[in-house]
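The structure is given below, and queries will be raised subsequently.
Should a chain be cited, it is by its letter among A, B and C, assigned in written order, with residues numbered from 1 in that chain.
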Amino acid sequence: MSKTNPGRFFEDYNVGEIIIHAVPRTISGGERAMYHALYPARSALFSSDEFARACGLPASPMDDLATFHTVFGKTVPDVSLNAVANLGYAEGRWHLPVYPGDTLTSESEVIGVKQNSNGKSGVVWVRTTGRNQSDDVVLSYVRWVMVRKRGDGAAPEPVIPELAKVVSADQLIVPAGLDFSGYDFALAGEPHRLSDYAIGEVIDHVDGVTVEEAEHMLATRLWQNTAKVHFDATNRPDGKRLIYGGHVISLARALSFNGLANAQMIVALNGGAHASPCFAGDTVRAWSEVLDIAKTGAPGVGAVRLRLVATKGAAGVLRGEDGKYDPDVLLDLDYWALMPV
Amino acid sequence: MSKTNPGRFFEDYNVGEIIIHAVPRTISGGERAMYHALYPARSALFSSDEFARACGLPASPMDDLATFHTVFGKTVPDVSLNAVANLGYAEGRWHLPVYPGDTLTSESEVIGVKQNSNGKSGVVWVRTTGRNQSDDVVLSYVRWVMVRKRGDGAAPEPVIPELAKVVSADQLIVPAGLDFSGYDFALAGEPHRLSDYAIGEVIDHVDGVTVEEAEHMLATRLWQNTAKVHFDATNRPDGKRLIYGGHVISLARALSFNGLANAQMIVALNGGAHASPCFAGDTVRAWSEVLDIAKTGAPGVGAVRLRLVATKGAAGVLRGEDGKYDPDVLLDLDYWALMPV
Amino acid sequence: MSKTNPGRFFEDYNVGEIIIHAVPRTISGGERAMYHALYPARSALFSSDEFARACGLPASPMDDLATFHTVFGKTVPDVSLNAVANLGYAEGRWHLPVYPGDTLTSESEVIGVKQNSNGKSGVVWVRTTGRNQSDDVVLSYVRWVMVRKRGDGAAPEPVIPELAKVVSADQLIVPAGLDFSGYDFALAGEPHRLSDYAIGEVIDHVDGVTVEEAEHMLATRLWQNTAKVHFDATNRPDGKRLIYGGHVISLARALSFNGLANAQMIVALNGGAHASPCFAGDTVRAWSEVLDIAKTGAPGVGAVRLRLVATKGAAGVLRGEDGKYDPDVLLDLDYWALMPV
């Protein structure tokens, strides 16, 4: 009997099944520091305990995307080891901030399966939930991937989940106690409040980062994501290592500080596409488009829905006339963040 | 008078001498996080405080190899600055887990010397002991290296220590309180318990990592190992930096999670050879062979003796017909780990 | 209206103005560990809580240069985004050690402006002050940079601050409680005390480090320094990324352990010049010259004034016959450190 994990194939997913993912992980100030070394992250709420306390939180939480990567990384051996493609995200919501000292676990429910017409693969939908040591949900999101079939058995009955195109503003969860009424714009780095942004506005975040192999591997290992393609240069015929899509998400989000310094906490992930693969040597830039603006019940706290695009090309360019992503576009992410009104 | 450390030569080692190594080091969650970023380490006991507590420990300890590297790194300026080769390890035992907040020191006793017949170098044996801030031993091991002679003086009387080929199972030290009777195999990542492994079984750990210069230098500095060959590309005629052998040990051990996820704590180092040098660009893989299986007195805790091989080639290949290591083999390590029975 | 920060131009600096820099930053054991991974730093006071306590401090503080980089990094978006050159430092003093858990902020007062004769740029002097969460000053220093003009308006009245060539020994601030009377030279790594050094003595620190892109970017991001030239390979015509000068400072200072292991705390920065740019692939070495020796009022604590030179060439070589820096010289730094007498 082989002792190693061969990964699951399309046939191994049954709607309704709950998959408990290994390995639980305790987060510390070390992971915080690594996040700041790996990405040009500057959001004040995730940088300073004092700033976070002035906003009503007990301390500076882990970056919301660090929580995402930690929860996501655990799903890789069970969900994406034999995946051909990561197709999409939906209904992502951050329920609770994560603080140094918290221990995160992750589990997924299979909520949909649909075999492809070629009979060689199929789409699997899972709803993944991350919890802390008190068993409180910190994050949940739906992801769907294309997975290879092991054999040529009959197709299962297709189950396609109904997913919200967007998390509606009234479903956003504002962390308990969050209060932006005394928000310090000077310390945060920019004067722009929610009312300064207009729906449809496009922001070029100007800065670029040329990515190195060592960096994306450090990041991907930090989240205990074990997918071979990120680490083994002999895995692809072209000798390239594919950069973990989450690395591009964090890089683009950190670059978006320049123009969106006050888009502090990510509270929802509406959708996202990894439009093209990213490789070491690529210079990654980012731009954002304001998609929506909303109120919340918390003092001084509003919400902004943003399209975040990571690109090797020009700001504002997303799709060609054929409707396909411009080849320079790496990531098209749709999320809600909290911002002082 | 030169202020810099010229290192010791063969003549400078006297059997019975105790060498106090600089520099003491306090470990924190930062070193833990770096370890997880540098290696694809996933053992649950070293990842989660909650998992460690469920196994009877007060918190998640530092990875046993991080303890080894920290203690070992301190010996480099005194033991291996003028070393021609790192020849072997024996009688390594981990006495106590190390936790964030602990401060480690290191000292070595010279236990053997033997001049080579060429009169230009000799072999030095040292027993190195790592201690924590309470002066409790956390690790001890024997290492022998070949060291250059300074001059052409007479050979000292040879003293060759008698070393155990293997740490016997009854000498393994199980951390106080360790209890695997309620071990959670789902969270740990694999279902295989000690009784699922057979002596002689070979496990291909499947995954590979292509190593980058920045990574091995970050690691080697983290353990305050100052050997020039790891950092200075002008040091060798071929312009290559030699990767610290301990980096290969940690890489191989982390890769061995896939098939040995439940081989949690390393308790003894029976022997080891750095068969070939490793350089940036190499894709490192690993395989293990089960050498022995034993009981311990702790509830639910067994021990497995493993050969861990890091290689650039195929699993299972160790030596050629001439008895020499296959040129693809980088490391051949013999250790004991604790595993749920 | 553009939301991104265009940086300040020469016209935007008014003498007497106070600039509050974003973003506050809480330091933890994570930043400490990263510092040790990025540089071959071994000073015992910054490595071990126990050693620091034996010297009268409550715990091991952050490396003094980590404090410098953290405070400095915050000034970049306000001071050096449109800077043509970083011209000099003066009157730097460390007022208080920084410990894990501290939150640092940074502000600068404009203390001088002088338009260049070409009318296209000018020199700006700022005095930058770093404070902790109790609003106590931890560091202050003067820096001057050459900044581009936005337009062709009239030159402002020149104001050139009078700056001390050297922080005088009686102005050095010794951390409260510091006591080197029981200093452990064996654990610190070298036997040399202040009385072993002579003014004019030159120390070749022997070791070299070949720098990688990933390393200097990790470091520069860790201090939230956002200058494009360090990250974006498309920013310069030659496709090179300029290494943050502070990376070279920390690298050289860490290398100087070999010969100056007991030059523990940096208490003053008298001056400094980044003589030549440093790029990935360069092998950086260091040498020091003893410039002065002084007493302090603290038990067993003396001060040594050092010239620290980072170079790609030979030790002892600083300037050519024309008085210009030798092209191999990267850094010429003048500082005071505390050392056991």
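Operating definition for what follows: contacts are C-beta pairs under 8 Å (C-beta built on N, C-alpha and C of every residue); 3 or more make two chains touch, one makes a residue touch a chain.
On a predicted model such as this, the values are computed, not experimentally measured, just so you know.
Comparing the contact residues of subunit A and subunit C by number shows a mostly separate set, under half of all numbers used being common to the two copies.
Superposition on CA atoms relates subunit B and subunit C by a rotation of 120 degrees, given as a multiple of 5. Rounded to whole angstrom, the centroid-to-centroid distance between subunit A and subunit C, based on C-alpha atoms, equals 36 Å. Shown for subunit B are the residues that touch two or more other chains, namely 28-31, 33-34, 100, 212-215, 218. On the side of subunit A, the complex with subunit B involves touching residues 1-5, 20, 22-26, 28-31, 33-34, 77, 100-101, 103, 105, 133, 212-215, 217-219, 221-222, 224, 226, 228, 231-235, 241. Residues 28-34, 36-44, 47-51, 60, 100, 186-190, 192, 196-197, 203-210, 212-215, 218, 258-261, 283 of subunit B are the ones touching subunit A in the complex.
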